[in-house]
Amino acid sequence: MRRAGWLALGLVVATAPWIVAAVVPRQQRYVLHVLIFTALFAALALSYDLVVGHVGSLSLAHPAFFGVGAYTAAILATGARWPFVADVLAAALGAALVAALVGVPLFRLAEHAFAVGTLGLALVASVVANNWVEVTRGPLCITGIPKPTLAGLAITTLPAYYWLALAALTGVALLYRGLTTFRLGRAFHAVRDNEPLAGAAAINPLKYRLLAFTIAAALAGGIGALYVHYLSVMCPEEMTVALTVNLLVIVFLGGVGSLRGVIVGAVLFTALPEVLRLAPTWRLVIYGILLLLVVVRSPEGIESLLRRATASRSAG
Amino acid sequence: MRYALTLALLLVMAFSAGAQAPPIKIGFASAMSGPAAITGEGVKWGATLAVEEINAKGGVMGRKLEAYFADNKAQPGEAVSAVRKLADVDQVDVIIGQTHSGACLGAMPVVKEIGIPMVIEACSHPKIRELSGKGGNEWTFRVALDDEIMAHTFARYIARTGVKSSSILAMNNDFGRGAAIAYEAAFKKANVKLLSTDFFDPGQPDYRPVLTRIKRAGAESILAVILASDGAPFMRQYHEVGLTQRVFSRGSLTTAEFLHQVKDNPKIGDGVIEASYWINTLDPEWDKKWTERYKVPPRVHGSLAAITLKWAVVPALEIALKKHGKADRQTIRAALEEVDVKDSPLGPIKFDANHQAWINMILIEMRDGQLKILEKLPTSPALLN
Amino acid sequence: MYAMVAAGLALMLGVARLINFAHGEFFMLGAYAFWYAYSEWGLPYPLAALLAPAVMVLFGIAYQRSVIRAILPRSWHVQLIATLATSIVLTNLAIIVLGAQPKEVPTMLSSRILALGGFRIVWQRLLVLAAALLIFWALQRFVACTRTGKAMRAMSQNREACAVVGMDVQRVAMVTFALSAALAAAAAALVSPLFNIFPDMGTTLTLKAFAAVVAGGFGYVNGAIAASFLIGLTEALAGSYVSYAYKDAIAFLIMIAVLLWRPQGLFGRRIGI
């Protein structure tokens, strides 16, 4: 997109709360809530795409990192009364640590085994969250997580949350961009596309995979912390394997490995059900069919359609 | 000329439609998808039937009711979305539901923020009671009882039957965990020794390992916190493993739903005594209507949603309309605090300072494949001590 | 029970190099087919039990021709996600069409109990065990002796060579699929009388079957069977002696442990099924 286009989009996104208030005043809170979720999901999807799209490892463990971060923040904020910024950082760190620990043995496995291994991790994490009642309160949930305060400002209104979520998304997107370009990005892609060759070029696949994995986990953990501060409640149901399905839909629908694609995917994924507003079970059926069609017909996702559109425009 | 007539006709129709009082919108939130989808299905059925029933009688003081549904997937995050959808998009005046404690807890701060009353039909987390009412969340109300309220009474009853020890087997969710905590304390007070506590995931099919554990623990009784759908394989395998413990239950084991599941061997549940607050025989007319329409026995959550609508929300609507001539969110909320129903199928519905209704507790026994109400016990805050 | 489902999964993986996340749904649909035949049509148990796999064979073929054909040549990422998507569609369609209420299918054998001394077991469970052993034996003979069976083995070893030699790769793949579906459905028909039938029953099963397949050595059927038995046994023992609530995690902990110790699975990446 041209410079001006980007600027206009950025302006719209930044002033969204006011636009929404003007256009749909009665549904304003609902729309903002959807936007907040969209932003958080997009950030989460981007962190997931680092591993799936740029290093080529189909990890199914993301809900575990999201959960570790969410619970760390929840426990620190309610029990030990840590301030917001501190518990978000702790959440990210905790998730990264878990990733580093399990990553080392997991990455030694062949591709398929890796995927199933990460799936196992996600499942075990889910079961632990549900049963380690002394720490996570299991199905009784951790309640009363306080609203965040950033630099003395209490973030309690929906527009404030929206900007916080937006800031987080921007940060993640910038990090994503930085990690996937320059030499680091090329190293990642080398590992993804041609592992033996990468090895021959003295690029250690294990090291780079682990790096991406850990960073992605840290991001997921941080987003988990933001999530629980928004909802003020954390239950084990939020980190089930179903979360992976959602992320897969977003990433593959949007375009695996592309910043724009993943964000578009997140927007569609969160906005579409609101537009459709069908019976909830049908919604899942439609997701499944959509995912199936997209993955079979155009695994590059919407991104490839977009690219083709802009390519033809610049060519013609 | 024809255009003018049609236009005039349309205008007249539009005006007369506007002259009719607008319907009152009721939102129902429950788990419509995901592993707990069966509860949402029940709620939807119950709500639809109840709203039809009310509208067939002319509505509430001439105002028809409209039901709107939202899915909370039994998760707090989705509950927030569900509340916002019902309140902002569907513009409902009052919400009934959530059904699952995680969803209830997630929804509570939001209904306060938006300012829309929510009447909870089934969430069993005791914290809900603590957080609601004067000095807390004034927008949430609860009709159902939680196990903190019921545990001491039931434990004392169990002790009275001569049982000296027990093993707890509970569902691994908010309901089961909450119950387990409550009964641990209650058993201690009632001098019943608790020999083991185990949890199972609802929907999982194989109880043999845990039943073997319970056999080894050797208690005289089992306190099962379980629903009808899991109850059937549970009772079969209970017999398979050859257990002889007396079974006391919390949940929906002694229900028509359970008997329907075991109709090949209806005596399989004989001897089970359950502490509950709902059974389909409390309202035979409803039982008949439901069975005719849905071809299965009434479901607990659906019936609770319907009762909440008919005997808590509708009286509040009537109070609001009589006093203020309108039924919007604030007036409904204030009216709910004044509701004083003496004879709903569940017993008296009157919200105390914590917005908790103290409905009756009932003890149900299964004998010869039939259900019998042993005792009907009124409840009150005094039971919490 | 786990073993039969896992075997079907391993079969597909080994022969067709296909990851099928919707495998659990074969089980679930087979269970519902059985329920329909047994409860709604009132067919006697053996007939209904045979009908279910027959139905699933047709379904398996249909599934193969539509979805699988499209994703077979793609990367396994695509396969995994496509079959995962199918699993979601099938599970939720089942909720819509068949209702979320669990169904019971009690049979004569599921209520009768065999009591030997202190040991009690419902006859149906013995039937499951006997039938499973029979089916496994039959499977082995089929693969070893029949032409199609040999073709399946050949395909699992070297697909390209098979195509070159003129073997009808598609047909063999189809047979494999049908067999896989039939195995799952047979398991369902045998096991349903013991438990409930509900739309979500396939999902955990798929995950555990995958755990067994991976732990047993990717694509090696006997390995998957062995691993399944290991998992089933440990689950039961752990559930009984350690902690029932963590039971589900056991399968995966075992798998992870096995993979850590031997990254190629218990029996290694043995070529062939």
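Which chain is which? They are A, B and C, in the order written, and residues in each are numbered from 1.
Simple rule for what comes next: a contact is a pair of C-beta atoms (placed from the backbone, for glycine too) under 8 Å apart; a residue touches a chain by one contact, two chains touch by 3 or more.
Keep in mind that what you see is a predicted model, and the values were worked out from it rather than measured.
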Query = Draw the chains as dots and join the ones that touch; what shape do you get: line, ring, star, complete or other?
reply = complete
Ask   = If you tally the C-beta contacts, which comes out ahead, B-C or A-C?
value = A-C
Query = So how far apart, in whole Å, are chain B and chain C when each is placed at the average of its C-alpha atoms?
reply = 38
Message = Using mean CA coordinates as chain centres, what's the gap between chain A and chain C in Å?
response = 33
Note = In chain C, the residues touching two or more other chains are 92, 95, 243, 245, 248
Ask   = In chain A, what residues contact two or more other chains?
value = 130-131, 281, 284
Request  = At least two other chains touched by the same residue of chain B: list those residues.
outcome  = 33, 37, 172, 199
Query = What residues of chain A sit close enough to touch chain C in their complex?
reply = 52, 58, 105, 108-113, 115-117, 119-121, 123-124, 127-128, 130-131, 241, 245, 248, 252, 281-282, 284-285, 287-292, 295-296, 299
Query = Which chain B residues qualify as touching chain A in the complex?
reply = 32-34, 37, 40, 71, 73-77, 80-81, 84-85, 87-89, 91, 101-102, 105-106, 109, 114, 125, 127, 172-174, 176-178, 199
Task = In the complex, go through chain C and note every residue touching chain A.
result = 19, 67, 70-71, 74, 76-78, 80-82, 84-89, 92-93, 95-96, 207, 210-211, 214, 218, 243, 245-246, 248-249, 252-253, 255-256, 259-260, 263-265
Query = Which bits of chain C are touching chain B when the two form their complex?
reply = 92, 95, 99-102, 104, 106, 110-111, 113, 115, 120-122, 194-196, 198, 200-201, 204, 235-241, 243-245, 247-248
Key: For the chain B and chain C complex, residues of the former touching the latter   = 33, 35, 37-38, 41, 172, 198-201, 203-206, 208-210, 212-213, 229-230, 232-233, 236, 239-242, 261-262, 264-265, 296
